[in-house]
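Before anything else, here is the set of structures, which you'll find just below.
Both complexes shown next keep subunit A, but they swap its partner, so subunit B is in the first and subunit C is in the second.
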Partner chain A sequence: MNVGEWLLFAAVLLVVPILTAGTIRKIKARLQNRVGPPLLQPLYNVVKLWRKGETVSEDATWIFRGAAVINLAVVLVVAALLPWVSFKPGLTGDDIFLFIYLLASARFFGILAALDTGSPFSAFSSSREATLSLLVEPAIVLSLVALALGAHSTSLGSIFAYGAAAGPAAAPVWIVAGCGLFLSSLVELSRMPVDDPTTHLELTMVHEAMLIENSGPNLALAEIAYTVRLTFLYGLTVQCFLHAVYAVAPVGMTLLAVLSVLGIFLLAAGTALLETVTVKLKWTRCPEFIAYALTMGLFACMAAIFRGGV
Partner chain B sequence: MRLACQTIGSEELTSTLKPLTATDSHRLGLLTSLDGRQLVALVLDLKGRTAGLVRCELDQCHYSSLTPLIPQAHWFERALKDLFGITPAGHPRLKSNFVPEAFEATLAPLRSAGDRGKLAGEPPRDFRFLRVGGEGVYEVPVGPIHAGVIEPAHFRLSCLGEFICNLELRLGFLHRGVERRLTEVSWPNARFVAEAASSDTAAGNALAHAIAMESLLEVEVSPRARHLRTLALEVERIAMHIADIGGLGVDLGFLGVAAGLSRLRGAAVGLADLLSGSRFMRGYICPGGVTLAEGGRLSQLRAQAQKLRRDVRGFVQMFLDNASVQERLTDTGKVSRGLARDFGLVGVAARASGIAYDARQHFLHGDYPPLAPAPAVERGGDALDRTRVRARELETSFSILEAVLDEEFAGECAVALPQALPANEAACGIVEAFRGELIHLIFTDARGRISRYAIKDPSFNNWTGMAIAARNNLIADFPVANKSFALSYSGHDL
Partner chain C sequence: MLKYRNIIILILVPGLLALLSCFGVAAAFCGWSHVAGWTAPPPVYLGVCPVQMRLDSLAAIFLLLLSLVSFSVSLFSPGYLEHLRGRVSPGFYWLTVYLFIASMAAVVLAANALTFLLFWEVMSLSSAALVAFDMTSTQAQKAALIYLGATRIATALLAAGFLWAHQLFDSWAFAGWNFGGPETLGPSVLIVLGFAVKAGLWPFHIWLPYAHPTAPSPVSALMSGVMIKIALYGILRLFAFQSGASLEIALLILFLGTVSAVWGVLFALVQRDLKRLLAYSSVENVGLIALGIGLYLYGHHCGLESIAAAGAVAALFHSLNHGLFKSLLFLGAGAIDASVHTRDLSHLGGLGRAMPWTLLYFVTGSAAITALPPLNGFASKWLIYQGLFQVAVDSGNLVHVGLAIAVIGILAVVGGLALACFTKAVGIAFLGRARSRAASEARECAPPMVLAQGLLAVLCLCLGMGSPWVGRLLSELVSGQFSQPFVPELPMVNLALALLLVAGCLYVAALARTERSLKKYCSWECGYGRLNARMQATGESFAQPIASLLRPVLQYRMRAEISGRDRRHFPEQVKAEAGMQSLLESRVYGPLIAAVRWLSAHMARLQAGSIHFYLLYLLVAVVSLLVAGVVL
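And then the complex of A and B:
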């Protein structure tokens, strides 16, 4: 095990999520003619919340207390498994299905915790979260399976390894799968157009209403988990696009590492732009949006099969 | 205008009012009481451009409810119970508009003090929510403290899955006793209380108050004051319509347009500042005229209004042309024309449902009716049509500003008022405020003091529309439907 590589990765894992979340907020504010919060505001928020007292619903049990910790733990394990930057050191056992079901288990505990508080807002938002995740899971699976078909392996490390250049013919699969993953990430992360992370209207929320009963350190844990999840899902999309570039024109490892991190910020900027100019979808229309992600996944699979991946 | 009064027996009440309100040419403007011993109905004659009072004396504290035959009366009858302790027997949904915890169940604040003994045998006010039964039906309580910085009210949504079966409103958190206070302050000071009845409608309320007072005092204002009042009323309409469309943008997550309109609303409020010296036009319109001369600022006002018009048009067009916006707003919060008519909705909500009623066409205020625009009528009655009505009214309001600025501003800012109010008279001021028909009704007693001051905010009619509109909508669309009505809480609660 290369200690230097792990230290670099840990440093990136500490810094990039905060800056990614901060970038989205800052650019969104600038696009609305506001100065916006400082880039490090997500960090200040967490520090502030950590010092605060908590109000916990009288109906809540240990599940509510435990879920925030479980959620963060699972998210950190996924961050360590998933090659969301080009320089992440490899781990054995990093299977795509492990990744998918670790994400699902984090969501499961999130939903349990929301239901545990007995608030009607948490209840209908967890129903919404369950519906969305049910619909979006096949889209993520198909996009990743398409990549696995190309690599003849379900290990994330070997799928996303930068080896010999695969040639321009590999690029379409990476691009289409990357698009599918990005659209799925928007749903997975409860961002526009499926959910509006800036809204103050409880009745329209998905993710925020699930956390509505959380306060103080519990909320801090949930915010950390969210920013990490945001970062590695965006990172995964960026890796797909970088592999498409690499397939056409192989570039050096240093440049890839820089592009990996820059790409995440670029997606964050794109998200901010998207969230300024789009309108949140009617709830009954959300499945149609997810259908785009699913279609991308299907196309990626077809492209992989035509390339003779099987 | 001064009001003539027709006195009838309580058994004739329905038979007199029903034929009047069944036609499109008449409306029930207000149904209230003076001190709990009588009922007074203000009937508006839209064709004849007049209004009249129908009064009947009550021996007891109850009478046979009008609501089963005249649905327009249903909210007024709730208020009768709250404020006077008068029970409308047979009212289908008699529910208090007061917060139960805030007042004693026997309190009837506007009933004359010597007459409270009669209340002993009457049922107390009722606060129960309508319960929706059935498997899977659950309740979502929202408010009274909301996530946004808005006024307080409690909404109880009975839902099945993602759909709303029934919405119960609990208003009354802002009951301040405005109507009572207006009879306690000296009449020259009443304007400060009257314009605060609903602070976002300061110009509208001040104008309705001024018109009612001027009718009592038999004072005619100068053309200059008339023009300046018209400008004030339209600038208020422009500012609030911009704010309401922008607010809808916030609720839809259309942040770019919302931010743009929020800035332009600031510019519109700047016009108000330029005109009146107050961004919210407080203390500007007064009985007799206005308090501040325009003093050469009109050309500046015209230039700023023209620039604002161009800017607003771009953003509103961007908003209404967006396919996702249309999709979110179409069929959201729908009120059919029939229900809008039956319940007597007013203003933007009524016109969106196809009712061509704009008080500017019918009643004397400012430069209206001569300068009144054609009512902006849409057919669908949904949130999109309410937004379209606002968009069209923005255009006409800017045109009215131009037309008024072309007029000659002759005469005094404010004329001197007589010392005393006439005795035993009644007068009302009817204004098309930005939300719709706003009525101030004033009665004087034998000594020439204000004995009863009734205010009917447009929201008083339209909250019913909101309750109807929420049904069978998605829970997630409720805030959008609510915003598209953009009703006043303080104006209702008074």
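And then the complex of A and C:
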């Protein structure tokens, strides 16, 4: 493994999450005719929280603080597992099911931490989080399985390696699976049509209300975890689209790597635009939105099956 | 005198069981590489065939599971029996438990059909006696009756299937049976259904949620952890590792497995009795194991090795895993029961501070059953996913490909439901505030009980971390049939180390600094004054969004009533009521049982008590036999 590549990857992983979260906020503010916070505001927030003291509910057990640490650890490990175009970071084991169940373990501890304080708000949102994750899980699984079908392997590394050599016929699978992943990411990340991260009322939120009892460094950990999760979920989506592009017109790997980072910002801009023009869906209508993601996953699978000429 | 009695009950009897379990583990390890047979000496004879035992590697796996769980049970039981003081006599309990464990071991080792049936009956009846230990409550009576009914049906189906099989193969020994051909479909279906009833596969699962909660917790651990696996062992023994089965049987098992997985976990989610929740989750996991078996049979039938290898290892591995973590969770529920004297989630809460060890082990078990890496549940679930994926890649039949992908999607939903179900179980029982006085006075259970749970939790972790090796061991077992064993090549150890390292660094960097200056304050209550336990979410409210999404299946209804002069802003009384029912029980089994009762009420008229009628029946019977003899 190339040390230079690894350092570059680590640097990207350090910088891109903060910038992505900042970009969404900034563009959203500009679209709403506000000046908006500086691009590095997420970093400032984390630094500020890091220095602060911490208040913990008197009902909490070790799970509350332990979960914050476990969550960020899981998210960082996942980031180090996922291959990036042709680059494979340190840890082996880039299996799609491993990826999905690692995400589930972060969610498991997130929900437990929310229930740990006995706060009705966080319990309410954690119950919604469980519901959303239940609905979105098959969408993610099917989108990724569609990609795996062509490669005959569930390892993301082999999938990407296969994708690079598959030719133009593979493009539809990549595009449709990418759409499925993007819609699922919006749900997974509690973005707009499903959850509004900026509302003022705890009762209407999912992700933010789960963190209602977190403070100081504990909250900082949760925010970092969120930005990293944002980056690799968008990153995975972008790589699907890029492979579609590559299937039609092969480009150099360096260009592809640059494009993959740019693509994340493009998706961030798209998210900001989406959040400006749409409103949060009523809770009972969220399943309909997630059904689109699931349908994309199913279409991707169908495309993969028929392309393979089974 | 009393003191000696205590010593016997508290130390000697459980100690002997522990010793025997260790012996069982040793025997299981011997059986891995050697085949040992034993035939009972002449006076012991079953009429048409001898009592025959055979220890091979397949039996060794289940013997190992049985021994591990019985060892924990022997540690756990004395403390648990304290809590049942006065309701069950320790003598009866131990005698029946010994009988139960011994008969399970004998069923696993049985080499011919009659030996199998004999010990199968002992197993069923001794477990039924344990379910019925407390016949004073109507709930227990109902549970015992339903369980007994289920065991009767299972045995009847098995007996019929075995007789038919004997007709076909002219042998009582399992080794002489071969269910590959089309003429064996009849006995195969009977036997599979008999095992399905005992294993609790959908739609025969209804006895589980009655029997498991009623039995003492260590017995539930044995029943759910081991006994229902023994039914699946039967399927494996007769079909998988003998000769394979026809495609119909494979598809039947796959179908029952898929439906069980969804149905079980969905109903588990909405339960409020902790042990009932665990019982329904057993239905889910039995479904997953059945999926593994079905994949094996499918692959074997179609000649696709990779599918068969993945399915076989998945079924064996998940049997082992589920036996361990479900026993762990049942023991955890038993610890709660012994400490708080209730298993109703709406009366629990906040046990985590009083019972830190039980919390830790219960979280481990829940994480394992939710298939979170790097615990053992993930490894076996991964194998099932891989098996299905191989079907999608290799089978070449468009319908089968589509079905395999659909089942992968369904398994993802099952995973999501299991996550919701077990976060609910942990969160409502152990976290937050105590919802009742009893829960607020909970104490950690006795050290041996903690140790019993700890042992199983460590085993769950070890099997997860060592999944590549365990997978290799299990595939050695089936390697005679495959050129390429399917091994879960998952970097579990690296993953666990990486997680531990990163989490440790993060803790030191971020949270250890503020550990000293941590401020304690009450949770945010929106400024309404101090939070109280009733403001917390209940199990019902946690599960409500999912339950209302799936209300047609659950028959879920919720009614809220808000009253008061200004009901919008200052309600005086808020009442919410949620109800659900099992569709299968109300729509299928209810009418079925009613029909049987109606029929038997009318049949009873035949027995009129008049000798004339009886003579008439005899005459009719003789005449119709004569006519039948002439015509046929």
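Just so it is clear, the second predicted complex is superposed on the first by the 296 of 310 C-alpha atoms of A that agree within 3 Å, B and C clash if a C-alpha of one lies under 4 Å from a C-alpha of the other, contacts with A are read in each partner's own complex, and residues count from 1 in each chain.
The rule is simple: a residue touches a chain if its C-beta (ideal position, glycine included) is under 8 Å from a C-beta of that chain, and two chains touch if they have at least 3 such contacts.
This is a predicted model, so every value here is computed, not measured.
> For A:Thr204, select first, second, both or neither according to whether it touches subunit B, subunit C, the two together, or no partner.
Once the two structures are laid over each other on A, A:Thr204 reaches subunit B alone.
> After the superposition on A, what does A:Lys282 contact: first (subunit B), second (subunit C), both or neither?
In the superposition, A:Lys282 contacts subunit B only.
> For A:Leu267, select first, second, both or neither according to whether it touches subunit B, subunit C, the two together, or no partner.
Neither partner.
> Could you let me know whether more residues of subunit A are touched by subunit B or by subunit C?
Result: the larger residue contact count on subunit A belongs to C.
> State whether A:Pro120 touches subunit B only (first), subunit C only (second), both chains, or neither.
both
> Report for A:Asn33: first if it touches subunit B alone, second if subunit C alone, otherwise both or neither.
In the superposed model, A:Asn33 contacts subunit B only, not subunit C.
> Kindly classify A:Leu156 by the partners it touches after superposition: subunit B alone (first), subunit C alone (second), both, or neither?
Neither subunit B nor subunit C is touched by A:Leu156.
> One more residue to check, A:Asp196. First (subunit B), second (subunit C), both or neither?
A:Asp196: touches subunit B, not subunit C.
> What is the shared patch of subunit A, the residues that subunit B and subunit C both contact?
Looking at subunit A, the two contact sets intersect at 120-121, 123-124, 128, 202, 283.
> Over in the complex, which subunit A residues touch subunit C? Could you list them?
50, 53-59, 61-63, 65, 68-70, 72-74, 76-77, 80, 91-93, 95, 97-98, 100-102, 104-105, 107-108, 111-112, 115-121, 123-124, 126-128, 130-131, 133-135, 137-138, 140-142, 145, 148-149, 152, 154, 202, 212-213, 216-218, 220-221, 283, 287, 294, 297-298, 301, 305, 310
> Please name which positions on subunit C make contact with subunit A in the complex.
Residues 349-350, 352-353, 356, 359, 363, 367, 370-373, 378, 381-382, 385-386, 389, 392-393, 396, 398, 401-402, 405, 408-413, 415-417, 419-420, 422-424, 426-428, 430-433, 490-491, 494-495, 498-499, 502-503, 506-507, 510-511, 513-514, 517-526, 531, 533, 535-537, 541-546, 549 of subunit C touch subunit A in their complex.
> Looking at the complex, which residues from subunit A come into contact with subunit B?
28, 31-34, 120-121, 123-124, 128, 192-193, 196, 198-204, 275-285
> Hey, which residues of subunit B end up touching subunit A in the complex?
Its residues touching subunit A are 138-142, 147-148, 157, 159, 162, 250-256, 258-259, 263, 322, 324-325, 327-328, 474-479.
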